[in-house]
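Here is the structure we will look at.
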Amino acid sequence: MNGVDAGSRMLRMPGGSVLVDSLEWAINAARSNSLWTLTFGLACCAIEMMAAGASTYDWARFGFEVPSASPRRADMMIVAGTVVRKMVPVIRTLYEQMPDPKYVVAMGGCAIAGGPYVYDSYTIVRGVDEIVPVDVYIPGCPPRPEALLHGLMTLQEKIRSQTLRKTGAGA
Amino acid sequence: MTAEQLTDALRARFPDLSVRPVDTAPSATVEPATLHGHMRFLRDELAFDMLEAVYRLFCSEARASLMVRVVLPRRAARVPTVSDIFRTAEWHEREAAEMFGIEFEGHPDPRRLLLPDDLEGHPLLKDFTHPNLRRLPETA
Amino acid sequence: MADIPAPPTAPTPAPAASDEFILNVGPQHPATHGVLKVVVTMDGEVVKDIVPHIGYVHRGLEKLFENRTWEQIIPFTDRTDYLSAIANNFAYVMAVERLLGLQVPRKVEYIRVIMAELNRIASHLLWLAAYGLDMGAFTPFLYAFRDREEIGSMIESASGGRLTTNYFRIGGFVHDLPPDFFPRLRAFVGHFGRKVDEYDTLLIENAIFVARTRGVGAIDRDLAMSCGMSGPCLRACNAPRDVRKDTPYSLYPRLEFDIPVGRHGDTWDRSKVRIEEMRQSLRILRQAMDGYPEGDFKVRVPRNIEPPAGEVYVAVEGPRGEVGFFLVSDGSRKPYRVKMRTPSFSNFSALPDILRGGKIADLVAVMGSLDLVVPEMDR
């Protein structure tokens, strides 16, 4: 369903809001516990992302088991590394190829705001949020794998707080 | 071979070449027109097979054992390519061309290498301007 | 949001025959080890031509360096080749010290070499992990990262950074090594030899790996040298070139180690050379631990580093090959020109020659064996 508004039949039923709440809970739990990430490591942060996926830190136990090379199957894009102008159409294309619901995590200083190159590099893009909307920002240069895990868990919380009900700003 | 032997070999072959020591290696300054001949000699007879060419336009790329410099004018700098002698020069010259505006005559593939297509100008020239560029303070 | 620029209009070759087609690999691709694009013209499975496109992570570092003081450049050098951050630090710091005419204490040389060799092992482990992953082998990835964590933790206890260490300083270090460093290093060196054998049997000597890599992607030695290749890629072509032996620096003249050399220059040789290099690094580490002196961990340098006007080129042997810095000083606090000679730039430029006439399935095997790190190429 594409957003349940206050006047809809489901909410007007006795116990309707309980039904919607339970559905929300189930859908959000399913989404947050099986996020497939698009493998999009650009620079140094990619290595810490790989470390977070490898043996010691192991993000698979949170459900991020399947890294998808193709954006068509991915739920989230972790932009890990420096974004430069030549890469901008690529990032935008990848974002638009991902099906909804999709989430973007900006990992590391470069993806958040340009990183150490922000001041005077002639090719830098000052943060990937100039190109795609970002859900979670994970600071660090590079962030430790634990920081990445914390960021991804924050994303999970954000997903779990999403609602099926239509809000004033649109679903 | 030692730096002295190298300097002697160079002077024997090219008597009017100016060779002086820079750092631990000799450095020879040449004209653009004669660059190709010098490079061929270095590769074929002195067996300099891991050379990185040096072009002097307020810039240079150097190798520890020998530096060859070419003095070029700032605008309309042209130098024959050495990528047919040293294959690695193909990419280095492409980069130097887009960064400094040097034209390498005879280069097989003079496309942009690193820079985005919409960037105008030659970034590593000292008078390059860009909205992002600003002088940072020198405070420790 | 910013304007999206149009995609780059680099010319792609038009297919000559009707059954040729063009395949675009990258910039987002799991096996490209970073953001590079390779446009492959194929006739069926045979690669007719291959055109690399780089610059997707070009940060304009050389221009940036002209706007930073000599000390401020050190953390940036980590981030070019982040897998061999120590080697980059090493080359740069030695170059500035050469400009200043500075001699560092022996203890500093020992610590530098220990860190450099640990970094070499860590980098080769990551190469092994990623290469196995590309070829479809998941287990080496998990095993190698387990060992990499151990090394990273040791380096972190000394420098504060696991990956981008920012550890070396002009003249030495900020602090001495922590007291638990050497016991940990000794334990590591003690058990890692068996691990290298394990990686050998697990991946390099594995029949499937051998079938996919032996005879594949061979490059002729003269062509490799002309392309400027260095490091394991060149040594696999039966060319015993190693900066630590050719232009020795730091402690290496006093250390005993061999340079593993391959015979055919194919992908398997490049892989085997890296495994052998890990063994040689262990040898160097043992010698460095045994001979570790007492002394100062730094030498006094002026507060404002202003090297006299001049030029210098210093190269070290990084895990990927020769990492060099050409510095031009005009006597001020900021450099006039910094040119980085990075091994991946030259190694990658040889790709068309290696792969032309080969099969597309070998593309991944060959690119992985070149051990490329793209930000190092693009700077």
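Each chain carries a letter (A, B and C) given by its place in the written order, and its residues are counted from 1.
Just so it is clear, contacts are C-beta pairs under 8 Å (C-beta built on N, C-alpha and C of every residue); 3 or more make two chains touch, one makes a residue touch a chain.
Please read all numbers here as calculations on a predicted model, not as lab measurements.
Here the chain at the heart of the shown protein, by mean C-alpha position, is C.
A count of contacting C-beta pairs for B-C and for A-B identifies B-C as the more extensively joined pair.
As a whole-number value, the distance joining the C-alpha centres of subunit A and subunit C reads 31 Å. Note: centroid distance subunit B to subunit C, computed from Cα atoms, is 24 Å. Taking each chain's centre as the average of its CA atoms, subunit A and subunit B sit 46 Å apart. Residue positions 5-6, 8, 55, 58, 60, 63, 67 of subunit C each touch two or more of the other chains.
Among the residues of subunit A, those touching two or more other chains are numbered 84-86, 120-124. Shared interface positions of subunit B, i.e. residues touching 2 or more other chains, are given as 115-116, 118, 123, 128, 133, 136.
Contact residues on subunit B toward subunit A in their complex (touch as defined above): 115-116, 118-119, 123, 128, 130, 132-134, 136.
Remark: subunit C residues 5-6, 8-11, 54-55, 58, 60, 62-63, 67-69, 71, 98, 222-223, 225-228, 230, 241, 247, 303-304, 310-315, 326, 328, 333-334, 337, 339, 341, 345-346, 349-350, 378-379 touch subunit B in the complex. If you check the complex, the residues on subunit C that touch subunit A are 1-2, 4-8, 27-30, 34-35, 55-61, 63-64, 67, 75-76, 79, 82-83, 126, 129-130, 141-143, 145-146, 148-149, 162-164, 374-375. By the touch criterion stated above, subunit B contacts subunit C in their complex at residues 22-23, 49-50, 52, 58-64, 67, 86-88, 90-91, 99, 111-118, 123-124, 128, 133, 135-136, 138, 140. The touching residues of subunit A, counted against subunit B in their complex, run 84-86, 119-124.
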